[in-house]
Amino acid sequence: MDDDSRAARWEQRTEIPLFVAALVFLAVYATRVLATDLPVFWRHLSTYLLLALWAVSAVDYAVHWRLSGQGLRFVPTHVLHTLVLVLPLLRPLRIVPLYEAVQHRSGQPRLSLYARVISYAGLSALLLGFAGALAVYQVERGKPGTTMHTFGDAVWWAASTLSTVGYGDVVPVTFFGRLIAMVMMTGGLALLGAVTGSFSSWLMRSFSREGDERPPGR
Amino acid sequence: MDDDSRAARWEQRTEIPLFVAALVFLAVYATRVLATDLPVFWRHLSTYLLLALWAVSAVDYAVHWRLSGQGLRFVPTHVLHTLVLVLPLLRPLRIVPLYEAVQHRSGQPRLSLYARVISYAGLSALLLGFAGALAVYQVERGKPGTTMHTFGDAVWWAASTLSTVGYGDVVPVTFFGRLIAMVMMTGGLALLGAVTGSFSSWLMRSFSREGDERPPGR
Amino acid sequence: MDDDSRAARWEQRTEIPLFVAALVFLAVYATRVLATDLPVFWRHLSTYLLLALWAVSAVDYAVHWRLSGQGLRFVPTHVLHTLVLVLPLLRPLRIVPLYEAVQHRSGQPRLSLYARVISYAGLSALLLGFAGALAVYQVERGKPGTTMHTFGDAVWWAASTLSTVGYGDVVPVTFFGRLIAMVMMTGGLALLGAVTGSFSSWLMRSFSREGDERPPGR
Amino acid sequence: MDDDSRAARWEQRTEIPLFVAALVFLAVYATRVLATDLPVFWRHLSTYLLLALWAVSAVDYAVHWRLSGQGLRFVPTHVLHTLVLVLPLLRPLRIVPLYEAVQHRSGQPRLSLYARVISYAGLSALLLGFAGALAVYQVERGKPGTTMHTFGDAVWWAASTLSTVGYGDVVPVTFFGRLIAMVMMTGGLALLGAVTGSFSSWLMRSFSREGDERPPGR
């Protein structure tokens, strides 16, 4: 059995557990941030749970690296995996490829490329926005000069950032809040690129199809 | 007679009434929001009228679903129809396909693909902006801390949101106002995608045409 | 002699005078707005001059319409001409096609499509920004609550609007100022579309070229 | 030996020194701006160093012009070179083509076109943002009414400008600060164009590939 098929088998077996782990991670983190009056015991428990879930992610990354047999070439060719390891809050973004794998196995016909890109951009925006709002809210809450008083403010800020609207009525003022914001701006640019790119590509395709249907003399 | 042709016949017959219903809906809603000193009788009448027009929309949706014979697959494949049912204020967006159908029947030559996309994006922006400004103005008006004092402020906010400029001099501060704003930001992204995508596609086309006209040796 | 060649001859003869007229129009308008202490005589003279230059534009439009022999179809197919007639401040945008015509006649090789689009988008942005800053400054100057104290503020606002950045430190507060701003936002979207579209198209082209250079077996 | 090969030889020999010079330029400039309590001797030394490095750049530009044998056509066809000469802070942008040349010589396989565009856009954004933040910070620091109190504020402003988000919580207020900001807005637009364009082109390509793999009857 060669490396490729072993990597495929590993991915097939760990799909569902990793999917569940990603959802649990986001839920535990959200609870931790939003439930400010959590008793100390639960507070500690959630910390250990987050660490354990991160360790699961690290093990999966290591196994993938090992089975790929690519050495250092693995890092630049698996950007999403690596990003997710460094910034564990982005882990739920892995839901997207997992969702595709599940749908693929269940034998349902795949959506067209442009429909997939639009729906992935939408899902990614929702997950990135929710995780980013949580992270920034945790960092900014109660800091002097902050304009982010409630979690609703944080979500509002996240939406205006990802869409590159940027009202500026709610903005992060701390170093780490701004660092997370910069990651989200990059995400907003990528989303814009995905939406406009897929729209353009869909247009091109329908245009050439329309051209085919017409008599060539026209 | 198969399902497809019955669906087509239904659409053909309900086109004009639905077009009128959509315009009346927007007009009644606008009157309700902008005429603050409406007598109680007219206030109640407009409520019933809006409900009745929404019911018309729901019946049309149900008939479409039934005639399509697609079961639950109908919802993801008719995104615009579904969205319009949930958010009745977006109903006027249905004017766009209706306009195309009317133009098609009247035998006029269709515009080129890119001209249609640009004009649809423009019409959608106008309708989305007007409906969004109405809805946000209704929600925000008179709330503590609001910066949206007149309907003109609401329209100005809508324009700066849809174009993703986002000055931030006028912003919604309530939960529902921000919810509507998020829908409009998504609209702004889609508009940007439509404009840039169609422009790119038009460029590509004129470029390949230019290439064809030159001698191949160049 | 058919209509087409007469229209072409008309355009060829009026090119240079219209180019000069557009430049004079912008210069007179700029002087009028920026030189606030202009004596009454010069103030009146500049008004008459602007009216006369607008009349020249109207005559050119009428002749074009007549020679085209298209009837009412002329308006939707000559969007730039019509826009320039309604909003005389956009007249300098006509410099762009005139520049092309002059370059064409002088026998210089034309730039590639994408280079032309980028340079037109750049020129249009400069002209639109300058004209828009002038118009908004004239409307907003000295109004209560304005944040636009100098012409420099107006230019800064125009740049942040056309690039869709929209800081919001300087914003129009009057009805007409906001109306002009909405026109400029539309311009900003179109510019973004031009830049991203031409870049995408250039990429596509270099990509297919690269593919051609490789052996087909790859 | 013709001009082309001499130009190529010149470029090959000056590559590494120019790369080092660009890095030193940025480092010296950053030190000068950020270390406000630099002794007078070091302050003068850094000025002379910056001038010397600029002179190196000017000599390289002159030699390129001479060897190209293009006369005045050289300026419009070498936009990046010219821009870098006028605005020496953009010099590090030359790192991008140098990086490509180095990678090319070392015999490594080139990345795909879209991967290169994305990575160049990313590198350019980082360099443009850092250089722009330095320049604006130097100009704005300590001016009356400024909102840019620390270099962190300047970097935050640069990120929100390049991504066209534009919160407006930190904005330049001086003439030169706004001038630099306008250059950076143009950069932000170009970046958006690069990202969306390359994404669109990648989508198109994978789409046509997918179409090829399917049986033609579908």
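Order as written gives the chain letters A, B, C and D; numbering starts at 1 within each chain.
In this section, a contact is a pair of C-beta atoms (placed from the backbone, for glycine too) under 8 Å apart; a residue touches a chain by one contact, two chains touch by 3 or more.
The structure displayed is predicted, hence computed values, not measured ones.
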Between chain B and chain C, how many steps is the shortest route if every step has to go to a touching chain? 1
Would you pick out the chains that touch chain C and also touch chain D? A, B
What is the size of the turn, to the nearest 5°, that moves the C-alpha atoms of chain A onto the matching ones in chain B? 90
So which pair out of A-C, C-D or B-D basically repeats B-C, with more than half the contacts the same? C-D
Once you count every C-beta pair in contact for both, which comes out on top, A-D or A-C? A-D
Would you mind pulling out the distance in Å between where the CA atoms of chain A average out and where those of chain D do? 29
Between chain A and chain C, what is the gap in Å from one C-alpha centre to the other? 41
Where in chain B do residues touch two or more of the other chains? 160, 164-168, 192, 196-198, 200-201, 204
What residues of chain A sit close enough to touch chain C in their complex? 164-168, 196-197, 200
Chain B contact footprint on chain C (complex, rising order): 113-114, 117, 161, 164-168, 171, 175, 178, 181-182, 185-186, 188-190, 192-194, 196-198, 200-201, 204-205
Of all residues in chain B, which touch chain C in the complex? 152, 156, 159-160, 163-169, 191-192, 195-204, 206-207, 210
